[in-house]
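What follows is a pair of complexes built around chain A, which joins chain B in one and chain C in the other.
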Partner chain A sequence: MDLKERLYNWWNERVDLDNLLAFLNHKTVPHHRHSIWYYVGGMCLYLFIVQVITGILLLLYYKPTAEAAYESVQYIMTDVPFGWLVRSIHSYAANIFIGLIFVHMFSVFLMKAYRKPRELTWITGVVLLLLAMGFGFSGYLLPWNQLAYLATNVGTNFAIMTPVIGDWLLVFLRGGTEVTGATLTRFFGFHVAVLPGIFTSVLGLHLLFVQRLGMSVPISIEKEISDGKAQREEMPFVPNFLYRDILGWTLALGLIVLLSSMFPWELGEKADILTPAPPHVKPEWFFVFMYQTLKYVPKTIGVFGFAIGGAVWILLPFFDRKSNRGEPNKLYTVIGVFVVIYMVALTLIGYLAPGE
Partner chain B sequence: MADEKIPRREALNYLLGAGVGALGIATLYPVVTYIIPPKASGAGTSSVSAAKVGELKPNQGKIFKFGNSPGILVLKPGGDPASALGYVAFTAVCTHLNCTVQYRDDLKEIWCACHNGHFDLNGKVMSGPPPTPLQEYRVAIKGDEIFVSSEEA
Partner chain C sequence: MRMKLILLIFVVAGFTTARAKSSSCVDCHLSSDWVSDTTIVSDYMSGDIHFKMGLSCDDCHGGDPKRGFEEGDPDLAMDPLKGYKAPPSRTATPDFCDRCHSDIEYMKRYNPRLPTDQLKLYKTSVHGKQLYRTRDTKVAVCTDCHGVHNILPSSDSRSMIYHNNVPETCRKCHGSPQYMRGYKYNGRQIPTDQYEEYSKSVHGIMVLEEGDNSAPSCNNCHGNHGATPPNLISVSAACGECHAYNRDFFNASVHKEVWEDLGYPECEQCHGNHLIQPATEGLLGVDEGALCIQCHDEGDDGYAAASIMKAQIDSLKHALESAEKVAKEAEEKGVEGGQARFDLGAAKDNLTRVRSVIHTFDPEQVSEITSSGIKVAHEVEEIAELALGDIKIRQIGLAISLLVILYVALILWRKIKQVDSKTDFVVRDK
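Showing the complex of A and B:
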């Protein structure tokens, strides 16, 4: 017996590799004209891993205090070898990550992949999006620059509108009544310990559900198959699907490194509470559609509108009975398209017509 | 092709392997260089003011900051506080396992509490596990300040 075989046998006797390999060899992914969307979730998973690795690297030099945070990021960007690259990758990948979670979510929505029996996959997925936005919001403050300081003031201020516990929630988030170094230290804790712990657990559930239920096939394709107009086709996960995944991941890393090299992420000015807000100050792009809405509607209506809208959105699989029966549901497609158009339009207005 | 030496699949596998290997190196190189921090300012300190003249009494020691590590300054028993010759200075980092040593006025020795290492006032090991003497620093007095500098400075 050669060494490879003996190693395999050693492990096989302990963790039943035969079984695992048989499982991997039999795992398949549906193959049809909408299959491309199946890769987006895997891409999000990959970007999360990139965030974990670059985040751990940043922890080697970052200092989470009001006195030292800005200077430590400056040190990373200017003195540490490849520090600019690590931080830029972390920032670019974070934004692409959130963008792709949106793409993933809307593709799932429009293909009605949330329908029975995948309601729990949908719910954990939306929770992951909210957690990712929490990552974005807390991470944005960590360089302790002026824009982040202002954005955190505005963002945390909404907490006060929460019924009953609003005041408490504001102090909980800020570590006091104002945004100070205490907020920074707290956000650091959220960003590197609390959120990663929760995110990883929910992600584990999400992946477990995906694995247990397999990929959803769109209703239209199911109908073509049952009408005999199309054949049910499957692609082996290993290696066919996985190789395509890896190819995409490699290209994504190349793109992010290219962006980071050509346009390293900016640091801005150090936070100073005496500096007034510059005109057209905006939150991070994934909050802009909500921020822009609040310019048109009263604050209370806007905030509770988004809270209720979010709650309905997360529970949609339970309302969409038609899709649950496997029938096409035009209404929900229209709702999904409307939400996408609304978010894209308001975001564009926020950027292109900042005075409006 | 009849004259094909390497099968097509094998050639592709080599190319793929080489590509993955190159990508791995291109990823690891920045990560590994990133982990090693740039030389910090302060680490290269060669001379510091360790104490003021008159701060130490004969048979007394003081730990001071020498760059990023501790040093120990001792005014010898019967030593002249106003003369550099009355003092000795060493690194305070024990040569055994890097604990910080201290001056024992009862023994008139430098002592490491971690594993009971004893050094005399020349830095030589008297007893205990330390393998080598403490590195000695030079002492000089300028005005009312006692300066300590390392030998290589």
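Showing the complex of A and C:
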């Protein structure tokens, strides 16, 4: 018996590898003309892992105080070997991560993959998006530069509009009435302890649901199969699907490394509480559509509207009865497309016509 | 007409509220039946500082307006026996104002910070001397600069003595060749182009065009009540009010004594007076346009010193430009440049400092500053060059990484094709 075999046997006796391999060999993924969207979820998972690894590396040098945060990031960018690369990968991957979660969510929405029995997969997925936005919001402040400081001021200000607990929530987020070093330390805590804990748990549930229920096949494809216009096709997860996943991850790594090397993530000027805010301060890009909306409608109504909209969005599978019955629902498709257009348009207006 | 009526009502109402006892002055001085100039009252009440402080006509002019009003007789209101003082002549004006303005106790009630030595100073000024010695009524008296019944505080931007308005106020007399004809200083006709020169100077542009109150107006160098041209040895004191380091360096320099002997007017000798231009390094050295060679000839110590100092400053400037260029290039290529910017800022401070230190005219002192600036600039440049070298390594590393990544991707692509060709995707009913 060679070493490889002996090792396999050692593990097999303890964790039942035979069973696991048998499961993997039998696991399949639906194969049809919309299958490409299945890879987005896996890409998000991959980027999350990239974030965890680069985040841990940054933690080795980062100092979460107003006095030392900026200097420590400067040190990472200039003196730590490959520090510039690690921080740039962390920043680029974070943004691509959030962007792809949006893509993943809307692809699931438009394929009505949230329909029964996958309501819980959808709910955990939306929660993961909100948590990822929380990661982005808290992480943005950590370098303690001027732009981040001002954006955090703008962002946390909206907390005050929460009914009843607004004032308390603002103080809770900022660690006081203003954005100070206390906010930085607090955001650091959220970013590296609270959010990762919650995110990993919800991600575990999300993956469990995906695993238990498998991938959803779009209603139109199901119909074609039932009408005999197409045959049901499935792809073995190992190795066909997995190879494709790894190919995607490899190319994503190439893209991130290319961006990080050619355009290392900027650090900007150190936050100065006494410097007046320049005009058109914006939050991070994934909040811009909300921020821009609040310029056109009364803020309280806007915040309330987004809260209600978010709640409806998360509970959508329970409203869309037609899809749950396996029937096409054009109204929901139109709503989904409208939401995408609205978010993209408002984000573009926010950047191209910031004075509006 | 309607607006005027409303204004009149406000004026009268305001006045009667402020000082009801003096209403008779207003009654007559607003009526063209009694006086030819009816604007005095509205002038006074539209913001004169004395009116704001609650003072009325009789506080300056005396008399008994109450009785005059009650009995309908202006002569009773303006009774000299009741202390009435008619508007003073120009020669009497300074003393007229001085009755209150030199009274410390009285002035404390209204403005404790206002000096009370204006007349004393005025008598030392060219204007005052001229007025009191020769009874020359053409010279400036209080009302020429402050106004008569429309006196505003110097902090009011409408005031003739507001910092930025002072040049225009002085120009009224000093800009007129006819008016100034015959007035001499040190035996020479006083020129009348000061305003034109000043308005083109570095100071004048700041004050008149940019509205910058920190730059000097006429009175900052000449004084106001004690206005007099700075003499030869007080020029550096006047300039030194703001340019304190330059003054101190100059006063301790070899030039101080020599220039006193030669009768040179200190700062003015190189920088001029009203037409002062921004000082550049071009004034220093032995090249064309440099001022040093107006006195120093090749072979003397001053010539050598000027040449050395100019070379030192040029070296610092060159080092700064070079370091900035490389640091900027490194930053544009993605290297974090915060520290470099900070260090370069410190080195640039040396350039600012040395522009002051050249007033020592001592190459050793100049060298001390330029050398440390050059050292910092070179250090920044060295770090930036290392960073640029680092960028090249990064780019090579990137190229290798991308090649490896693309190679792996290619292998995966082939694997996918391979396994797909062996896979039947169609689900057969079992």
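The definition used in the following text is that the second predicted complex is superposed on the first by the 356 of 356 C-alpha atoms of A that agree within 3 Å, B and C clash if a C-alpha of one lies under 4 Å from a C-alpha of the other, contacts with A are read in each partner's own complex, and residues count from 1 in each chain.
Throughout what follows, a residue touches a chain if its C-beta (ideal position, glycine included) is under 8 Å from a C-beta of that chain, and two chains touch if they have at least 3 such contacts.
Bear in mind the structure is a predicted one, so any value in this text is a computation, not a measurement.
K.L.:
Return the chain, chain B or chain C, that is in touch with more residues of chain A.
P.N.:
C
K.L.:
Counting only touches as set out at the top, which of chain B and chain C does A:V103 meet: first, second, both, neither?
P.N.:
Touch partners of A:V103: none, neither chain B nor chain C.
K.L.:
Which of the two partners, first being chain B and second being chain C, lies in contact with A:M77: first, second, both, or neither?
P.N.:
second
K.L.:
Tell me the contact category for A:T250 with respect to chain B and chain C: first, second, both or neither.
P.N.:
Touch partners of A:T250: chain B and chain C.
K.L.:
Check whether A:L294 is in contact with chain B, with chain C, with both or with neither, and answer first, second, both or neither.
P.N.:
neither
K.L.:
Please work out whether A:V86 is in contact with chain B alone, chain C alone, both, or neither, and reply first, second, both or neither.
P.N.:
Touch partner of A:V86: chain B, not chain C.
K.L.:
For A:I349, select first, second, both or neither according to whether it touches chain B, chain C, the two together, or no partner.
P.N.:
After superposing on A, A:I349 lies clear of both chain B and chain C.
K.L.:
When the two structures are overlaid on chain A, which partner does A:L60 contact: first (chain B), second (chain C), both, or neither?
P.N.:
first
K.L.:
Shared contact residues on chain A for chain B and chain C?
P.N.:
Looking at chain A, the two contact sets intersect at 250, 253.
K.L.:
For the complex, give me every residue of chain A touching chain C.
P.N.:
Result: residues 31, 74, 77-78, 84, 231-236, 239-240, 243-244, 246-247, 250-251, 253-254, 257-258, 261-264, 267, 269-270 of chain A touch chain C.
K.L.:
Per the contact definition, I'd like the list of chain C residues that touch chain A in the complex.
P.N.:
The touching residues are 334-336, 338-339, 394-395, 397-398, 401-402, 405-406, 408-409, 412-413, 415-416, 419-420, 423, 425-427.
K.L.:
Going by the contact rule at the top, pick out the chain A residues touching chain B in the complex.
P.N.:
Residues 57, 60-61, 79-83, 85-86, 250, 253.
K.L.:
Help me check something: in the complex, which residues belonging to chain B touch chain A?
P.N.:
Touch residues, chain B against chain A: 23, 27, 30-31, 33-38.
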